[in-house]
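Dropping the structure in here first, questions after.
Letters A, B, C and D mark the chains as written, and numbering starts fresh at 1 in each.
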Amino acid sequence: MASTESLLLNLALAVLFLPLAGFALLIFFGKKIPRQDLVETGILFTALAISIYIMVQKVFFVSAPTIDLTFKWLDLGAVAGQQGFSIDLGIAIDNIAAIMLVVVTLISSLVHTFSLAYMEGDVRYTRYYAYLGLFSFSMLGIVLSNNLLMIYVFWELVGISSYLLIGHWYEKKSASDASKKAFIVNRVGDVGFFIGIMIVFTSLHTFLLRDVFGGIAAQHLTGPLLTAAGILIFCGAVGKSAQFPLHVWLPDAMEGPTPVSALIHAATMVAAGVYLVARIFPMLTAEALTVIAYIGAITAFIAATIAVTQNDIKKVLAYSTISQLGYMIMALGVDAYSAGFFHLVTHAAFKAGLFLASGSVIYAMHHEQDMRNMGGLRKKMPITYWAFVIFSLSISGIPFTSGFLSKDSILAGALAYGLLTGNYLIPIIGYLVVFLTAAYMFRLIIMTFHGEPRDHHKYEHAKESPKVMTVPLIVLASLSIFVFYSFNPFNPEKGWFLQAVQQPASVVPAAQSYGFDQPVNDVQVTSPQQQPNAAELSVEAQKTETTRYEEAMEAVHYPGLALSLTLAVLGILAAFVVYDWKKIDAEKLKQRVKPVYTFLYNKWYFDELYDATAVAGTLLLSKSLAWFDGHVIDGVVNGAATLTRLWSTLSGKFDHYIVDGLVNFSAWFTGFLGKATRRVQTGKVQTYIVFALLGVIVIFYVFRQF
Amino acid sequence: MQYQFLGIGYLTWITFLPLIGMAVVLLIPKSNINAMKWTALAATILQLVLAAIIWVNFKPSLSGINDPNGFQFVEKTRWIDLPGVAWFGHVAVDYFLGIDGLSLPMVMLTALISFVGVIASWNIGKSQKGYFALYLLLDTGMMGVFVALDMFLFYVFWELMLLPMYFLIGIWGGPRREYAAIKFFLYTLLGSVLILLVMLGLYFSVNVTDPATGQAMHTFDMLAMMNPQNYDPHALFAGIGTYWRYVAFIALFIGFAIKVPIFPFHTWLPDAHVEAPTAISVILAGVLLKMGTYGFLRISFPIFPDAVLKFSYALAILGFINIVYGALCAMAQTDFKKLIAYSSISHMGVVLLGIAALNTQGVAGGVLQMFNHGVVTAMLFLIVGVIYDRAHTRGVNDFGGLANQMPVYTGIMTVAFFAAIGLPGLSEFISELLSYLGAFQTFRWIAIFSSIGIVLTAGYMLWTLQRVFLGQLPEKWKGLTDVNGRELVSLVPLMVVVILLGVFPSIMLHPMSATLNNLVDFIHKVGTGMTALK
Amino acid sequence: MNWYDILFYAFALITVVSAAGVVLSRNIVYAAFSLLFTFFGVAALYVLLSADFLAITQILLYVGGVLVLIVFGVMLTNRANKVEVKHGGLTLAPAVLVAGVIAGTLIGVLTTTKWPAASFEPYEETARPLGALLMTQFVLPFELASVLLLVALVGAVIIARREKARRV
Amino acid sequence: MTVHVGLTQFLVVSAILFSLGIFGVMTRKNAIMVLMGIELILNAANINFVAFTRFGLMNLSGQVTAVFVIILAAAEAAVLLAIVLNMFQQINTVNVDEVDKLKN
């Protein structure tokens, strides 16, 4: 291994374990260290610096697609004559991992900085930073893992950090409820993930992704089972990335501190689901991808519709996050791998920014989160306001922002997918969501920053946040500008980012794949499984002639771009018409579509549905089983005991009256005989002698032989 | 022999050290309670040290199970030798001790839990002399079960541990202690009877050559029972896959299942746990339950491999029922101890599921789960004990907000709870992972349905966590103090083990792998009749 | 009839008559004295049977030991001779009957039995071979007998010396 | 009657003695008298032993047995007299038919 590569691996390990060291330090010696917050923040900035170095090195200078470090973690030996059981684990750095490293450490360090002010004076300030460290460690672990098992391990660990951070203010019932809900809902998805892993391992005897892909390419795992494995692993992503139908936990997770929401529930952890799908992308079959695309599209639509009606600033952002995550998932589902990942990165920046900005607002408004009590904050908080606007433009997909680049790629991909498969529902939903996104984002801005202040008391006390909070906003806002990703503001294709993030070729059998990456002229010839190395294959594919997919992309790129831009602008306009210029009375509009509004306002009644079915059902089942256990099973046991006792009573009676009766009778009878013959028993020795002698004489005469 | 101290083998020492301690305790005057405690503690610490020495000297490459040369620290002498007994003929019982990769984790677990249990017994309120004497006797019985290789000896230890347990629950227990103790005793005794019957059946079926006299004789040697060629062709249990072998396997299974406990033989467990004092709950959940599954692996499986192969599906289904049923029942409980008791049932289901898979990873996962569950459940019961000592109630709904009042306690508890949930990085994750992986390979659908248990476990554990530790602190608990030094001494070693094994499971898996591979191989080869019969 | 026969019948008569006196006498002292004659008669019969050692032993032990003991007993228990020796629970008739039947049976059997040709051996001194036998073939019974005597001695002393217990 | 005195005559004497002893034991109440009866019985038995030895039907062990019988009689007499004395002290009687405490 080249020295650069081993250096990068060591550095990656350092990045991974630094936050863990910080966590341990704060948990065990938290009280003894001065300024614990700065320790952890410093650690994160160190990690950021190293990550940037790793990314630059990897993306621009290292030619190998993947740097890998694998070690044997567990070896159970082998049953004689059979394949042994061992588990290899390790880390790998490829381009997307390197980019994710930077994203995670960047957002994390900015959030750390932001929290210095936001969380100041909190009861469990040290604990808060410790958990942030634990989270960073786990998230980096997901990023660096080169195998499904470690991903699962860190997957659970981010889950637990998320649990701890959502429940940071656990004195509030709502907070502890929300943390519990988040963990359990995630667990549901994780079970699917777990089963998927089991399918993969049982068929291929390895967790290492490269060997998994190799095995699938060698047809060791095919057919419906492969599809099932893909969908089941995707279940993990459904949970973590809050996709329909497991999206219900994310809005509740807003009970946690706002910086946590920014870091975990907007930028990184929830994006881990998308990252996971990207990681396993080569093994997904066409059916699995279709499922993924639909789940993503449905999620994007549902969340966007709900976001339009919400009044809590963080809830709006939460649904917006779900919606955007749906976009990314949908992108992966429609085979727009690069676009999905691109959106993940850009979204991380602007959504973290949005949350931090909302945090800034909440901080200024003394923990007021209801937008109906805000308004007119533009003048009080100019930096926050402008950052907010930039983020909103970015999420709405307005040109010259990063969001425009990534979102446009996704929409183009969806459109191409529709073109190739005839399945237009997905692009239609995609475009609908563009409109909704722009509308609810600007509704948020207008309600918060424009117009007249509604709560004058809080308005009076509001002021711009301190520098530690605004500087992260400025950094994130600047990262929402196109130049960081591509110099061409309208087409990111040739930018470094999309050059670095190339779609890996599918390893599934040709019959089970979309077949988009096959040349236009010759659909059937190339079968990917003949070429084991997925990464090489992707490079190959790019170099050869135009594939069907590229052709479709070519066809839809500019029309799609125009359409999305139009819809976004319309959405912004709609928001202004209703909420700023008040051409249409929002209240009247609500009244007119009251059933729809109520339905949306209540989040499509998902929570109620789950409470009524899954939760209540489980509790009912558990109660009835406990009853069953206590009364039936234990009843049988106790009944057996009672029966035994009854039996023993009966047999006791039997014993007393029959058996003992016989004994007593025989005793009585003997006594009777005794009484009858006691006259013989005179107690006089002589009598006995007489009888003895008479006996002797009798015997003598009886037995004499003459 | 190499591993001896004062001419007596290590295993004898580790088994009978507590008995020496018991003798000392009995000699101590009644008033000197401290001396008794320290004697008990010294005995268990010595035991732990000895266990560590055994651990260090253990050779992981040896296979054990059916191979007399695969056992280590073997001690074998004639114990009972009666040349002519009516019906039985020449009765010879060996004092046959030895460990392999299967018993090693159990020996470690017993030593560790016994040590922790003594510390948890520090505040026993009445007749300490009797308590510690019985406790040490119990310790000897438990250790003996895990090192005995002669079935008769095994049975003796098995019964030996029953009696002190009965008294420990029945005298030092809670309000319904008599009911619980009798239930425990009768239930276990029922199992013992079945084991005894099968043991006698096996005894009469097996013929070996007596090395001393060169004559054929019956034997209680487990290893001899595992070899199909030792069976008298006309005996009850001769052959492979014969009717009576299935019957015997089921009887033996029920005998051990009661101990595990496996649905529907589990109802003694919640009662016993609720009534038993903390330390006894710890021992009960930590060690005693493992004896059942240990019995499966040590006796049922290798002696009746054909029956195991036939019934493995049923075993897996029982494992599934245990997992889901236990978890659901736990969810409905409001008594903290009862909740953990049901969670034990659920977790022991994972063991059953793993070992029913009959492949390396499944069995290894099962055995590791036995160890891990022992440690984690011991922690959970200690935790309940801590809170019960202070608040004198175990109602989950009576608490709330303890996290602020008792931060260190909450921290330790969180580790234990998350270990029980199966959080990666903590020990139970590895064992559950391996068990499920093994089960998935053999019984795909059962493994999938069982994994519902993962969600349910998270559900009731977190719900409990929330009800007890989160939220507002009720006014009446303002006076509760955090864990004290003694409680930390009992909790921290367990916590270290939990985390250590969560990160480096190889520590525990490596010594057992050769043995378990041999076990799996043996079951498949002998169970399908691949080894020629006489 | 030779001297031997005459002597036999004489001593047999003495023995039987005195024995009858023992069992028929109403006075216990007379009975005791009659017993004395019986013992002498038996000793004489022993002499006639050339059992010199036994004859001496008979006189020494029975006359010198047992009889003296009996007389002591009589004296210690008979307060001033006033105790009439009553006949016991059995009336005379059945006793006579039983004894008669026994006697008749025995004598009948004895006289009708054909004894093997008895070799009337010449007189030999018996003390020496008896001693040898006791020390060889019968050493164990001999020792046992000595132990028995010791036990009887000690036991007799203890029983006789026992404190007067409460009357019931 | 030319028959010389032989075995039969001795045995007859012994039988008469025995019967007289039995008669004494049966009819007397006084324990000492009973003892005397027993002594007669024992003497009768001894005569038999010695007679058998003399007439060659038994070797010298007959006499040895007689010696033991005498020893036994002596011991028995001692013990019995002790018992009688004790009995006399306790219940003030020497009549065996009054010693019936075990009855009822």
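Here is the rule we use: a residue touches a chain if its C-beta (ideal position, glycine included) is under 8 Å from a C-beta of that chain, and two chains touch if they have at least 3 such contacts.
Just so it is clear, the model here is predicted, and its values are computed rather than measured.
Colleague: Where the contacts of chain A and chain B overlap, which chains show up?
Modeller: The shared contacts of chain A and chain B amount to nothing, since no chain touches both.
Colleague: Which chain has its C-alpha centroid farthest away from the centroid of chain D?
Modeller: Looking at centroid distances, A is the chain farthest away.
Colleague: If I average the C-alpha coordinates per chain and also across every protein chain shown, which chain's average lies closest to the global one?
Modeller: Most central by this criterion: B.
Colleague: Using mean CA coordinates as chain centres, what's the gap between chain A and chain C in Å?
Modeller: 117
Colleague: Taking the mean of the CA coordinates per chain, how far is chain B from chain D in Å?
Modeller: For chain B versus chain D, the centre distance works out to 79 Å.
Colleague: Averaged over CA atoms, how far is the centre of chain A from the centre of chain D? Could you give it in whole Å?
Modeller: Centre separation, chain A to chain D: 113 Å.
Colleague: CA centre of chain C versus CA centre of chain D: separation in Å?
Modeller: 5
Colleague: Mark out which residues of chain B touch at least two other chains, giving numbers and ranges.
Modeller: In chain B, no residue touches at least two other chains, as defined above.
Colleague: Two or more other chains in contact with one residue: find those residues in chain C.
Modeller: Answer for chain C, listing residues that touch two or more other chains: 88-90, 95, 98, 102.
Colleague: Residue numbers in chain A touching 2 or more other chains?
Modeller: Residues 682, 684, 686, 690, 693 of chain A each touch two or more of the other chains.
Colleague: Which chains are in touch, pair by pair?
Modeller: Between chains, contact exists in these pairs: A-B, A-C, A-D, C-D.
Colleague: Note which residues of chain D are touching chain A in the complex, please.
Modeller: 22, 25-28, 34, 96-97, 100, 102-103
Colleague: In their shared complex, at which residues does chain B touch chain A?
Modeller: Answer in residue numbers: 183, 186-187, 263-264, 266-268, 325, 328-333, 359-361, 364, 401, 403-404, 411, 418, 423-425, 429, 433, 436-437, 440-441, 444, 447-448, 451-452, 454-456, 458-460, 462-463, 465-466, 469-472, 505-506, 509-510, 513-514, 516-517, 520-521, 524.
Colleague: Considering the complex alone, what residue numbers of chain A touch chain D?
Modeller: Counting only chain A, the residues touching chain D are 681-686, 689-690, 693.
Colleague: Please output the residues of chain A touching chain C within their complex, sorted ascending.
Modeller: 682, 684, 686-687, 690, 693-694, 697, 700, 706
Colleague: Could you list, by residue number, the parts of chain D that touch chain C in their complex?
Modeller: 4-13, 15-24, 26-30, 32-33, 35-37, 39-40, 43, 46-47, 50-51, 53-57, 60-61, 63-64, 66-68, 70-79, 81-86, 88-91, 94-97, 101
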